[in-house]
Amino acid sequence: MSMTADYLELSDVRVEFDGFRAVDGVSLTVLQGDLRFLIGPNGAGKTTLVDAITGLARAAGSIRFGRTELLGRKAHRIARLGVGRTFQTASVFEDLSVLQNLDIAAGAERGPVTMLRARGRTPERIDETLETVGLTAHRDLKAGTLSHGQKQWLEIGMLLVRDARVLLLDEPVAGMSGEERTRTGELLRRVGADRTVVVVEHDMDFMRSFADSVTVLHAGSVLSEGSVAEVQSDPRVQEVYLGTAPTDAANDSDEAVA
Amino acid sequence: MTPIVRRHGATLAGFAAVAVALFAVAPSVLSTFRLSLLGQFVCFAMVAVGIGLAWGRGGMLTLGQGVYFGLGAYVMAMHMKLDDAGPGGVPDFMQLYGNGEVPLWWEPFRSPVITLVAVAAIPAAVAFVLGWAIFRRGVRGAYFAILSQALAAAFAILLIGQQATTGGTNGLNGFRSFFGYDLFDPVNKRMLFFIASGALLLMLLAAWQLYRSRYGELLVAVRDQEQRVRFLGYDPALVKTVAYVIAAVMAGIGGALFVPIAGIVSPDDVGVVPSIGFLIGVAIGGRATLFGPALGALIVAWAETSLSESFPSMWTYFQGVLFVVVVAFLPRGFASVSALWRRRPTPATEPAPQRQEATV
Amino acid sequence: MDALFAQLFAGLSLGSVLLLAALGLALTFGQMGVINMAHGEFMMAGAYTAFVVQSVVGDAGLSLFVSLPAGFLVGGALGVLLEATLLRRMYHRPLDTLLVTWGVALILQQLARDIFGAPNVEVRAPGWLSGNVDLGLLQVSSARLFIIVLSVAAVVGLGVLLKTSPLGRRIRGTVQSRDLAETVGVSTRATDRMTFFIGSGLAGVAGVALTLLGSTGPTLGTNYIVDAFLVVVAGGIGQIKGCVIAAFGLGTLQAAFEYSTTASLAKVAVLVVVVVFLQARPQGIFSVKTRSLV
């Protein structure tokens, strides 16, 4: 555990696309060890918010990791500060092996000499991570041949192996089987204990089982925030999920209200 | 067997084969004239090794390698011209077309040391400026290709426009000596061939080390998922620029060795057409393989010479058809033919050209 | 003062030629990401069409007005042929289309050489296009003026087509999001083919226009393709107005640099300007905003 707990603090974050406010004044704080779920209907701005934090989308306001302001930094600098993310569509290096994927993820700080040499023994940290995400048996397979769920685990592993302090996971369990979801949830609980984790998710069951706290985003703004129970009983949340009804959200809303 | 032999047996055998072919077989079966010709092709092969790195591994379609080849070549040619003219002397063509004075920017190349450094350093510097400017801003891949091509066009036009200082369309030619060695002596011609072959072998070794290294893996990762690499804390612009600069240096050295062997360099060797021409050999050999680009370049150059000797117009058709067939239907070059032959179909989902391991 | 106007006109004239050459490219590159290096050879085909038409028709004026649509059809037909036989298979690897179309360009050049001979051929301009026009402030070549008018007409025509016709709507939809267009039932394949027809047809028209400025040879296209692509890059993809601004901007710059230095240095200077410009706007002057990561 680090001496002082990390935290991610957003205040009045705004992202605009050609005059359209995709994120419109979001403020929220996520503490280390608090497994935070970010939910909301399609187009609510969840992915855009993650983009803003990681330097992919240009944003206004303030986004701080501990004392460090992230806004205005380049994406790779933000990543080096320990902020890691995954993408909605799994994006591992399909042409490289699982081991190579993790090795690249672990090595942003390597010097030129190390880079120009071939890898010798597998670094210990990589072995541990393989164990953690359950891919030890697959370490020499090309990442492109992994199942969808395994790719997502590899992505999470790629954040763990470089010891990212903040994990921003964009719909990590989309398309996973029930059993894979449970394993993923347990993995997140384990790795989330000493990290700051934000999970963007659609799946309400998954959220109920694993979330410590929830932020509901709607039309670019925070609609509600609190524990799972609090959020579920919030009438505004129910209204949003029942009112506008894109298919996904409609299914979810039934459960959410139930 | 030592581990390195066990793990890399095929590759090491490949190196041995290249070495034997260039250092033993070629000199004993080829006439001096043909050997010189092969020496020129070897210089093209050096450019191809660099393209394999930048394009095959790094995904940067560089259509301007002629520029770097030309920079290396003209630097060397200027030195040889000055050397032939003697201390304080003026190269012959300048007396013909110019005011009979050596321009200031030629003067540094009187020095052999500066020349040797500049052969690598000037291409490296130009490639760094262009590459960094483009990659830093994440300019799209196609834009890079187009800009590199525009560079080749501009460079050729620039050379043609400066008749008095670059020889214009004629280029620089009529060299008599190379660092004091008489270029008409067959022994020295042979020596030049060996130097070029040695340089090619060294470049292949360098490419091998790069491909095996962590940097090589990272380069492939950048090629396939540039943004992803960024979010792991790397600057993809830097990764790409390094490969592009190395490719430029290889082309520059190839150009520098081409001049004494061919006895001429002119804008015809550096413009848009020759710059794209370098790519076909790489595509045929297999762009992401280790030996493929060099081998492909040698074969294409050889085919061009023999075909255009007998049927000049056929060569253009042939080259056109090669581009179409190889790139459209055999994106892995030879490698895809041998894969067909072994009946190991490539998985349907993969965009074939980008996914290839480094072995022939 | 006169020199300034003459310079300005030279820039406009060069810009209009670049625009004609780049307009079709911007369309095909914007919609399909295809980098068609044979576009220059489609121009060359248009120019030879004008030559052939003139040898059949005889009268220079009539032949020009027959050649313009004929060049459009010839260019368009070549484009559709290319699209249907090769490019259709290659949409998932746009960079490779560059090399394939380069191969096609080589073949077309050699064909022209074998059919019409290596030396350039001349197409006679009609009498009313061979002299100068007095614009009050300066005398300008009437052929160049005609090309400026033609390029404006091409832009307006294309703009109207894209804005108002159903095909135009499909094209714009596909440029913005190919996947989305497909899901709402646009046949992107048919749209692609029509786009290619129109874009390549414009190359044919450009080729006909070029016969008014000089002689026609097998490498006519190569002389323009690099600059035309530079216009597309600077203009940004997906919108005509970027292309128009970039063409006239680069044309004027080129003319101005030529005036103050030499033609060859001007080329280098223009390239530097484009690279520096891309530092500020990596996507060009205008671009369709997409979410893609690449």
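Chains here go by letter, A, B and C, matching the order in which they are written, and residues are numbered from 1 within each.
Methods note: contacts are C-beta pairs under 8 Å (C-beta built on N, C-alpha and C of every residue); 3 or more make two chains touch, one makes a residue touch a chain.
The model shown is predicted, which means the values in this text are computed figures rather than measured ones.
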Among all chain pairs, the one with the most C-beta contacts: B-C
Per-chain Cα centre nearest the global Cα centre, belonging to chain: B
Between subunit C and subunit A, distance of the C-alpha-averaged centres to the nearest whole Å: 46
Approximate Å spacing (C-alpha centroids) for the pair subunit B, subunit C: 32
Distance between chain centroids, defined by C-alpha means - subunit A, subunit B (Å): 44
In subunit A, residues with contacts to at least two other chains: 87, 91
Set of subunit B residues in contact with two or more other chains: 227, 354
Touching two or more other chains - residues of subunit C: 293
Contacting residues of subunit A [partner subunit B, same complex]: 54, 56, 74-76, 79-80, 84-85, 87, 91-96, 100-101, 103-105, 107-110, 114-119, 144, 158, 162
Complex contact set, residues of subunit B against subunit A: 209-210, 212-215, 217-218, 220-221, 224-225, 227-236, 350, 354-355
List of subunit B residues in touch with subunit C within their complex: 59, 61, 63, 130, 133-134, 136-143, 145-147, 149-151, 153-155, 157-158, 160-162, 226-227, 272-273, 276, 279-280, 283, 313, 316-317, 319-324, 327-328, 331, 351, 353-354
Parts of subunit C lying in touch with subunit B, wherever the complex brings them together: 29, 33, 35, 86, 89-90, 92-96, 98-100, 102-107, 109-110, 113-114, 222, 226-227, 229-230, 232-233, 262-265, 267-268, 271, 274-276, 278-279, 282-283, 293-294
